[in-house]
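Have a look at these structures, which come just after this line.
The following pair of complexes shares a single chain, chain A, combined with chain B in the former and chain C in the latter.
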Partner chain A sequence: MQVTFKVYRKDPEKDGKLSRSNYTLEVAEDATVLDSLLKIRDEIDSTLAFRGCCGRGYCGECMMRVNGSARLACTAKVPDYTKKGPEISLDPLRNVPVIKDLVFDWDAFMWNKIKAVKPWLEPEGSPVNGESLTSDAAMQDLRKVMSCFYCGMCDEGCTVLPVDFDFLGPAALTKAYRFAFDPRNKGSREQVKIVEKPKGIWDCVHCYEADEHCPRGIEPTKRIVALRDRAFNSGITHEAVARHHASFAASVKESGWLDEGRLAVESEGLTNVKGLMKLLPTAAKALVRGKAPIPYMHSKRPDADKIKKIFEKAEQEEK
Partner chain B sequence: MQEFDVLVIGGGASGLRAAIAAKHAGASVGLISKVHPLRTNSAIAQGGLNAPLGKDDSPDSFAADTFLAGDELCNRDVVKEFTQEASKEVIWLERMGVPFNRDKEGRLDLRGFGSNSRNRTCYADDRTGYIVLQVLHEQFQREQIPSFEEWFVTSLAVEGGTCLGAIALGLRNGKLDSFSARSIILASGGFTRFYLPSTASLGTTGDGQSLAYEAGARLMDMEMIQFHPLVFPKKQGLLITEAALNAGAMIVNQKGESITDLKGMPRHKICLSIHHAMQNGGGSVSLDLRPIGKEKLRGYFPQTQELLRTVAGLDITKDLVPIRPLAHRPIGGIETNAAGETSVPGLFAVGECACNGLNGAGRLAGNALTEAVVFGRRAGETAAKHAAAGSKKSFPTAKVADEEKQLARIISAESSKDSLGKIHSELGHLMNEKVGLVRSGTGLQEALGQIQSLKDRYSKLRVKNPSRIYNYELTSYLELGSMLTLAEVVALAAQARAESRGAHQRADFPERDDTNWKSHTLVSFVGGSGQLQKPVAAG
Partner chain C sequence: MKYAFYPGCVSRGGCPELYPSAVKVADKLGIELDELKSVGCTGAGVLPQNISDPINARTFAKAEQLGLPIMTICSTCTGVMAQANYRLKEDPNYREKVNKEFLADEGLEYKGTTEVKHLLWVLFEDYGIERLQSLIQRPLKGLKVSPFYGCYLRRPPEAITPTKELNRRKSYLDELIGILGAEMADISGKGKCCGFPILSANEENSLAMVAKHTGESKENGADFMVTPCPLCHLNLDGNQQRAEAQTGKEIDLPILHLPQFVGLALGFDPNEMNLKRHIVSTGDVESKVNMIS
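Take a look at the complex of A and B:
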């Protein structure tokens, strides 16, 4: 079948401007996008740069956007993308620095972020004593997490990264989970401390896009939430985060719903003059736009007492 | 120029293990890999790694199975060392974080695998290679070893017969740089990409073997190519771990009849049975995974289930999977001793690119990963010791300029009807047809002639893309050169071995000949081409 591939181009040795090349070629019915790209490079344009490694879905190296969606070129079958017509567009992932054509910067996108979480285990105990005895359930959870083949789909789907590229992102945070929750890791607090800092677990907005995107069902959001719980429960939490949580809960407990004004003030800390000053412009804007009533009053919602009882019951159970 | 005590070339399991060991031994270490370590071919290993940890097991029993699979061609001392060290290395991996499957007592679960006579294969579902690779890479990062990823080694610097380092091209910056070292460890993987199809990744092109060979090292037992019996055939074949057979999967012919009981047979025998069934019935052969049961398939073979669904569109809980034996892993390679030393001073080799006689004429399922870590560590330690003892020789810096000129010579805008892809494709089919699972003297003779004509065509070919940045035409050109060089060596060695033994099956010499051939073939690079050396008796 004849297909035209419209491929994103960028040449760092020329003006670095973006363009698109169109290649029309005959491909086999069972050809993948990677097969087609290899054919283009061999027969039409040897300057075209793209990566490929295992060629069958074991690794994530050939990740790119096929007709706009992030896919592995080696498992994306051409006929699946030509249903609307014999044209396929190929682009690098979104929001990543592109080096040349479809070759983007994996280091900046993912590897450096993974390195930042100190991705190694400090073993507890010595190999001379044989293997560590541990339940298969704990290992099964780690095997699931380690089935991650670093395809980058979760980071591609993440809604924080387009706004803040320095966010560690779901892939690196999931890697941190692997160490924080390995019972054999002597240094498991270390990884929690790292991801607890700004650009880490607290910057995740719980949109669950990472879970939707992950082809292995690793559920990165679930891992991030587990890291948050671990951080909170082991007292490795920023004071501001702790105050935020406490204020959030207290507000809902007392009034049945969230008092946003109180949350902002208490999160910064009542004695934190500098932090409170930072809130003033936002507060002023809210006033101008009629988002904050004067005088500022937060009334209880109907049936707030019932909500309070739920809180008290939960607190009892926790004790 | 980069300078290290020990330079490791290759970021797969063997290379990472060697780098960690050399660093532990006190050496300064650098590692070059043409792809990121987590994208290397070690990732495709599935079934597990052997260690005689069971109550009823012993290094001796493990050695006996390794010998049997090697069809009387293994080096005894190497096997002895290997089987004694295996448990220690596997336990080390566990302590470093491999989440191996456990038994009820929380110990490493040992499963039956291939022709192992005991349950001795430690595993992490059906992703053992990938998970072991990740843990090795984690520990490699813990050691803060400088890692040159996406650097392509274009030549070894050899002067006065001693290897003094390497010259490599940075794919990202487009620059050639020299890497000076007192010890250089090649851990660059296999070369079965010269079969099309095969189970190899795109970069499994024998670069290291070719560099060592041209630098004066000898290649040993190159005719021994292990075929994997259970491969869903596509260009990059999708292999299904043999552990599936031990778990109850059946190999069936076109009529759905089981092909004898193949469980526990060495790989080459299973391959031959499938091959004969395909020829005799003239039809296809399939793997029936359904007897394993849905739950076990999901629990123990999640990757197999996923990849066959995405790549082949098959549901292994319902569908039969068409299979055929495909070239998997070379058993031969750069001749070394158990410590990884080659015949070139300063140059070491380990893992799939090396041949120390462990595997003889056939590799026992589950030995590849254990081999990578046992001998990776050995090579790393020996290389560190060698570096500490040796005097520093200065790197021949003029070689970088020579290399620049050499690369400039192969770049030309001249258009040609021929292409790298065409030559590779013809080579791939030729190797499968005439240097494949079953060979014959006449076929090998024809193959040698055809390889020569492909080499002639290759020598006329030029790289059209003048860029140095991510110029994959240039790296593919160099890779194809390595494959052609090694294809000739393999055919030459296969032609010489006039018998059938293990992975090497000759239609014209169907029997094993212990009188004349209980020995290793050796090929050297002399005057621009391969020359067979006198075979050396197996130890």
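Take a look at the complex of A and C:
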């Protein structure tokens, strides 16, 4: 079958400007996008830069956008992408610094962030014959997480990275989970503190895009939520988030539901004049429109005492 | 047709225009609402699961006693409850533990039969689009509308779109725009996060998301955006002017709640749908709507 590949091009050694090259070629019915790229490079244009390695969907090297969606080029079959016509667009992942053509900067995209979460084990006690052993059952939960092959799909789907490239991202935060939840790790609380810093777990919007993108079913968002729950239960160290969560929890505990006015002022901090001033323009407009919830004027839900009892019991159990 | 109604705190707190609009629309459609008053907050993704799951289990048990499915008017309430319900239904041991430790004291038990549905899902799955169409008195012709779902109404699949058929939930709002006679002004981020959950942790990123979604909608010619999530509304409407200040770009895009949008097509006056209570002026929308009738 004849297919035209419209490929993103950028050459920093020339003018570094973005362009697109069109390559029309004959490919086999069962060809993958990676097969096609190799053919283009061998037969048409040896200057085209892309990555590829295992060819079996294992290593994650050939991640790129095929017709706009992130895919592994080695498992993306050409006929699956030509149903609307014999053209396929190929682009690097979004929001990553491109080095050349389809090759992007993995260090900036992921590895530097993974390094930042201290991705290693500091086991309690002394290793036996160089090994830190634990039971098979204790590692069950982590098995799935350990199957991550760093393809970057979760980061590609992330909602936060397009507005803030410095956000650690789901891949690195999932790596943090892997060690924070390792039963042998004595420094697990330390690990949670690292990802509690700005650009970490509290910057995640938990929109579950990452889970939808992960080809291994690792569910990065659920891992991030677990890290957050652990931080909540052992005392949040991020100041603004701690204020927000403490106010939220107190109002649900005391009244059964949320006092939004109280949450707005307590999230800024009652002594934070600058922060409270910032709320004023919106609060004034909301007041005029009759929609500003007045703090501490909040009535209790019927059965608030029963909800409080459940809340306190759950808190107690976690401690 | 009757539901255990869970309106959520924002529909009477930060977005007090939502609750009365939803009640009026339900009444006009003939959907009977039995409001759950003695139940707690869902946790909104802020409280950890070990605390919010038992509180939600109590809500499900109360609805189960009434023999009614739960209807919400908030994507976040729906999503958090649907996820908790999935865990409680899927794992009988977990449900038994929650029942024993937290609900038994009150003589309650959650058997795992309660369904949680957003009004948007109710319209398509229970009420029926033909029935809705037969009640339209003011097709919203000439209005261009962008959909914004609220991410909790899209994912995770096991709780939100558990079957191939229910995968259609991801396009209900798109479909509804056409059904009510309006024109679609599509945006790439309609299923993404509005930024509200990180307003405390990272305001700059949160406002950047507001600017991204509303800016794209405006560029695509939308008269307004419609959302089934009042938390999205708080950020997209309430903080839009701060997002404009941060980006230095004027946006000025009205954001309507789902029941307001439906209500206008059902023939309600914009004032009856409390449009004047929004932060971003809805004046142009009101004029256009009034021209139709």
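Keep this in mind: the second predicted complex is superposed on the first by the 251 of 319 C-alpha atoms of A that agree within 3 Å, B and C clash if a C-alpha of one lies under 4 Å from a C-alpha of the other, contacts with A are read in each partner's own complex, and residues count from 1 in each chain.
The rule we apply is simple: a residue touches a chain if its C-beta (ideal position, glycine included) is under 8 Å from a C-beta of that chain, and two chains touch if they have at least 3 such contacts.
Given the structure is predicted, the values throughout are model-derived calculations rather than measurements.
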May I ask you to decide whether A:V273 touches chain B, chain C, both, or neither, giving the answer as first, second, both or neither? neither
Return first, second, both or neither, reflecting whether A:Y208 touches chain B, chain C, both chains, or no partner chain. second
Thinking of the overlay built on chain A, is A:C54 touched by chain B (first), by chain C (second), by both, or by neither? first
For A:P119, decide between first (touching chain B), second (touching chain C), both and neither. first
With both complexes superposed on chain A, which partner does A:D35 reach: first (chain B), second (chain C), both or neither? first
Quick one: classify A:M1 as touching chain B (first), chain C (second), both or neither. neither
Shared contact residues on chain A - chain B and chain C: none
Please output the residues of chain B touching chain A within their complex, sorted ascending. 35-36, 38-39, 41, 43-44, 88, 91-92, 94-97, 99-103, 105-109, 124-125, 127, 130-131, 134-135, 138-139, 141-142, 172, 174, 201-203, 234-238, 302-303, 306-307, 310-311, 419-422, 463-465, 467, 469-473, 476
Okay, in this complex, where on chain A does chain B touch? 11-13, 30, 35, 38-39, 41-43, 46-47, 49-50, 52-61, 74-75, 99-101, 103, 106, 111, 115, 118-123, 125-127, 130-136, 138-140, 142-143, 146-147, 149-150, 182, 184-185, 215-216
Chain C contacts chain A in the complex at 9-10, 13-17, 37-41, 43-51, 54-55, 58, 101-102, 105-106, 151, 154-157, 189, 192-193, 195, 197-198, 200-202, 204-205, 208-209, 212, 238-239, 241-242, 276-279
For the complex, which residues does chain A have touching chain C? 159-160, 162-164, 167, 198, 202-209, 211-212, 219, 221-222, 225, 228-229, 232-233, 238, 240-241, 243-245, 248-249, 252, 256-258, 260-261, 267, 281-282, 285-286, 289-291, 293, 301-303, 306-307, 309-311, 313-315, 317-318
